[in-house]
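Two complexes, one shared chain (chain A), two partners (chain B, chain C).
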Partner chain A sequence: MNLSLVLIATITVLGLAGIGIYTLLITRNLIKVVVALQILVKGVMLALIAAGVNSGNLSLGQTLALSVIVADTIVAVIALALAVQVRRHFGSQDIKNLTTLRR
Partner chain B sequence: MFIYILIAFSILVCSFQAVRVTRMLYSALWLAGSSALVALLMYLMGAHEMAVIELSVGAGLVTVLFVFAINVTGEQGHTAPSIIPHWLAIVLVITAIFFLGWLILPAIPFATQLNIASPTQNLWQDRTLDLLLQIVLIFCGILGVLGILSQENRPSSQEKHK
Partner chain C sequence: MAKLLILLSIGLPWLGAVLVWLVGDQRSRLQHFLAVAFSLSAGVTSLLLLGYASASPAWNSPFSSSTISTAFGNLTFIPDGLGVFLAVIATVIGSLAVIFSIDYMRGEKQLGRYYAFVLFFIGAMVGLVLTGSLMLMFVFWEITALCSYALISFYNDDPKAVAGGIKALIMTQIGGIGLLFGAILCYTQLGTFEISALLNHFHEIPGNLLALLAFGFLIAAASKSAQFPFQTWLPDAMEAPTPISALIHAATMVNAGVYLLARFYPAFEHVPGWRTAVVIVGVLSALLAAVMAMVATDLKRVLAYSTVSQLGYMVYAIGAGGFYASQYHLLSHAVFKALLFLSAGAVIHSVGTRDMRRMGGLGKSMPFTRVVFITGAFALAGIPIFNGFWSKEMVLEAGLQGGPFWAYLVMLFSACLTAFYTIRCVSMVFYGQPESQHHIHDAGTAMKAALAPLAAATLVTWLLAGSLATLFSSTLPNHEIHIESTWMVIEEVALAPATWIALLVITAGILAWFGRKLLTRFANTLKGIAWAAASSFGFEAVNRSIVQTTLSAAEKLRSSQTGLLSHNILGILSGLLFILIILLFAGA
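Moving on, here comes the complex of A and B:
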């Protein structure tokens, strides 16, 4: 039963990675980019748990997943704060506006 | 078995809807649903502690942050077209998934007996560096948000002349 569950989780990981990478490549909305990043990281967390179940060391997988959750939440908080500032300064959420920082 | 497939399919549908819908508020809600279903799948896989944390942080805290940011910035689902063409993005995604699956899938049949150990013990005794890193990350995040969201109260040029 563990094997089938790990296989299903792995296929879900591949699907989540595909959705996340495609959206990161396509979208130019800053908040949508954060959403795509969240989806990608959910796949990573699921992969860590599945690897823990598969290798028989679930506690290590859970510990690593906790680190990923903390880092992902911090990234989301900072990216959303950045999106608020970009909207305040430029009037839109297009990531191309960030290139004006070079001037 | 059927319930696992149903949950996995629901995760993919929720994630796809989260990136497809144009209203950002709906996008945040679909993402919360995806987080809750991922937490449910984690619980079924035996990772009870991480399921609870993912449910409270991923589906709770992050959703509140998204709703707050969307309320402040407003609904702007439609933006300019993407920089790279769609067909190139699809080719890149298929290539990435192929290589990811090529790396992951052969490792699955070598399943071993589950070693029942407490993640709490693992975190506090074996992974102390991870714990320190998490504390540093949280402080960096708080400082970063304070720095980004702080209002600049610079005196205007007229006030300077006075």
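Moving on, here comes the complex of A and C:
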């Protein structure tokens, strides 16, 4: 693997993760939270593949990425289902509604 | 063959647990039958395993090719003398407790939950003593703690039972952490979790780390065996159904701590201060619990205190270098204490209370229970020819030879107190004026079927001294056993002057109960001690203050939980940043 490809992968990973974390920090819309989480996880997956290629152990990276896909899909599905419930219950998508879980 | 028998001894109770639960509470007769069948067959397989006892692993790494093995080392099972001996106690007394439960638990709701946890416990206990891997031992250790918690809180609509269960769980967890800490320390030093590696290569571990390991295991043992300063959980565990108290809190699980100390004694005996610490833990437990038993009025609590006290004797024996004496006493204690608890269960089942002040004069209406209870009580008091006499004398003998003299004197005094509270208990329950208006009936058929073998065993298990010694010396290469035959034990006990002194002391304890009217003058001066004993020497107050501190700290920390996602993300990010900075500086 030549150097420029490593550089491209690193920049993409940092970009995706940066966008995801930034959105998670500022947004209050539940749907946007799910979207941000997806972007962040895609960055992580890319990082796993890149690390696998870089260390010459691609199959390990691929295995881990596949596991992340499975877990990530479940997280997304359940989060969206919860978002629908929050919307029905409170009439908005604002995550501030969820602080009522504190007594 | 040994591999199959080990698999069956652990697997049969676990299979039974699943089946009993699947059958459902509507078919209670089938549940009783299944529980008895599976526990009895586990008892038979572990008895057969006695014939295959050896020091080499019977089942090396069932997962050798998988990643589990690379992560946790070889998960071996070794059927050596010590392990098989304790597995037999767990399964045989386990099946007797299950038989007893047929009468005791008749008509209870949720029998499935009860039997499932009992059988799950029996299997885990067998695994705990037979495994050759510290990691696996930790797993089984925690399973037994969970079963104990679930069964103490079996009557989960009773707040006292729930509180007792949680208390037992938390206090035994402290021990679990000690064991896990020791296991990980062993792995970092020797690169393996194998017990045999620790026993054979302990001198490769630096002295200070070995000391940490030894004291970590001592904490684990003390909390599991309800020894000083963790003794308070066992009396509160008496909210469990009585067969559970007999099985888990007298005959098996509480022995796990003694087992741990006995197992690793060869590795730790040269750690400076360790043996003295073990002796002190044993002596304090034996003395304090015996004093508390003298003032308790709850029949099961008296027995619980006496369990703590007798376990103290075993721990003391190990500290004094008497490995064999401690295991011999463990055998006697498991038998006579299971007998005492189960016959106390028959009494409680009949009278409907645990308060001894409301019993009295039960001997006439419960003749069978009286005979078996007194058999157990005599063994507990250390009266000759009952099994408790021989093993207690062996413990005192070992203590005199290998331990400090003051400790021997305290243990002798505890033996006197033991005789006193045992006779007090018997006379309050079975003699004197009848107090109860309840309709009294003697033990049922299933109860008798469980009590009779235990009573017989209380009379004869001391004859197994020679076979026990042969079993140990042929399969435990790291332990020193100087006993060769039963005759040698008889000779050693009968000829030692220590025995006669101990007998005098025990007689003094018994006479003190009958002459208690003459002693009232002393009794007034001892009121302070009695009051301190009734309030458990302040240990309950310490426990309460720990709980209060934890709760108030948690309440203060609540304000840090805003429940806002952005705040949590910020927390995660700053944590990550913190770690990165540390790594940066550590790397440079």
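One rule holds for everything that comes next: the second predicted complex is superposed on the first by the 100 of 103 C-alpha atoms of A that agree within 3 Å, B and C clash if a C-alpha of one lies under 4 Å from a C-alpha of the other, contacts with A are read in each partner's own complex, and residues count from 1 in each chain.
The rule is short, and it goes like this: contacts are C-beta pairs under 8 Å (C-beta built on N, C-alpha and C of every residue); 3 or more make two chains touch, one makes a residue touch a chain.
These figures come from a predicted structure and were not determined experimentally.
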item	value
Partner chain in contact with A:33 - chain B first, chain C second, else both or neither	second
First (chain B), second (chain C), both or neither touched by A:21	both
Partner chain(s) touched by A:74 [first = chain B, second = chain C, both, neither]	first
Partner chain in contact with A:98 - chain B first, chain C second, else both or neither	second
Contact breadth on chain A, by residue count: chain C or chain B	B
Which superposed partner A:9 touches (first chain B, second chain C, both, neither)	first
Those residues of chain A which chain B touches in one complex and chain C touches in the other	21, 25-26, 28, 96
Chain B contact footprint on chain A (complex, rising order)	1-23, 25-29, 31-32, 34-36, 38-39, 42, 45-47, 49-67, 69-71, 73-74, 76-78, 80-85, 87, 92-94, 96
Residue ranges of chain B in contact with chain A within the complex	1, 4-5, 8, 11-12, 15-16, 18-19, 24, 27-28, 31, 34-35, 38, 41-42, 44-47, 49-50, 53-54, 57-58, 61-62, 65-66, 68-70, 72-74, 76-77, 79-84, 86, 89-90, 92-94, 96-97, 100-101, 104-105, 107-119, 121-123, 126-127, 130, 133-134, 137-138, 140-141, 144-145, 148-149
Chain A-touching residues of chain C, taken from the complex the two chains share	558, 561-566, 569-570, 573
Chain C-facing residues of chain A, complex	21, 24-26, 28, 33, 95-96, 98-99, 101-102
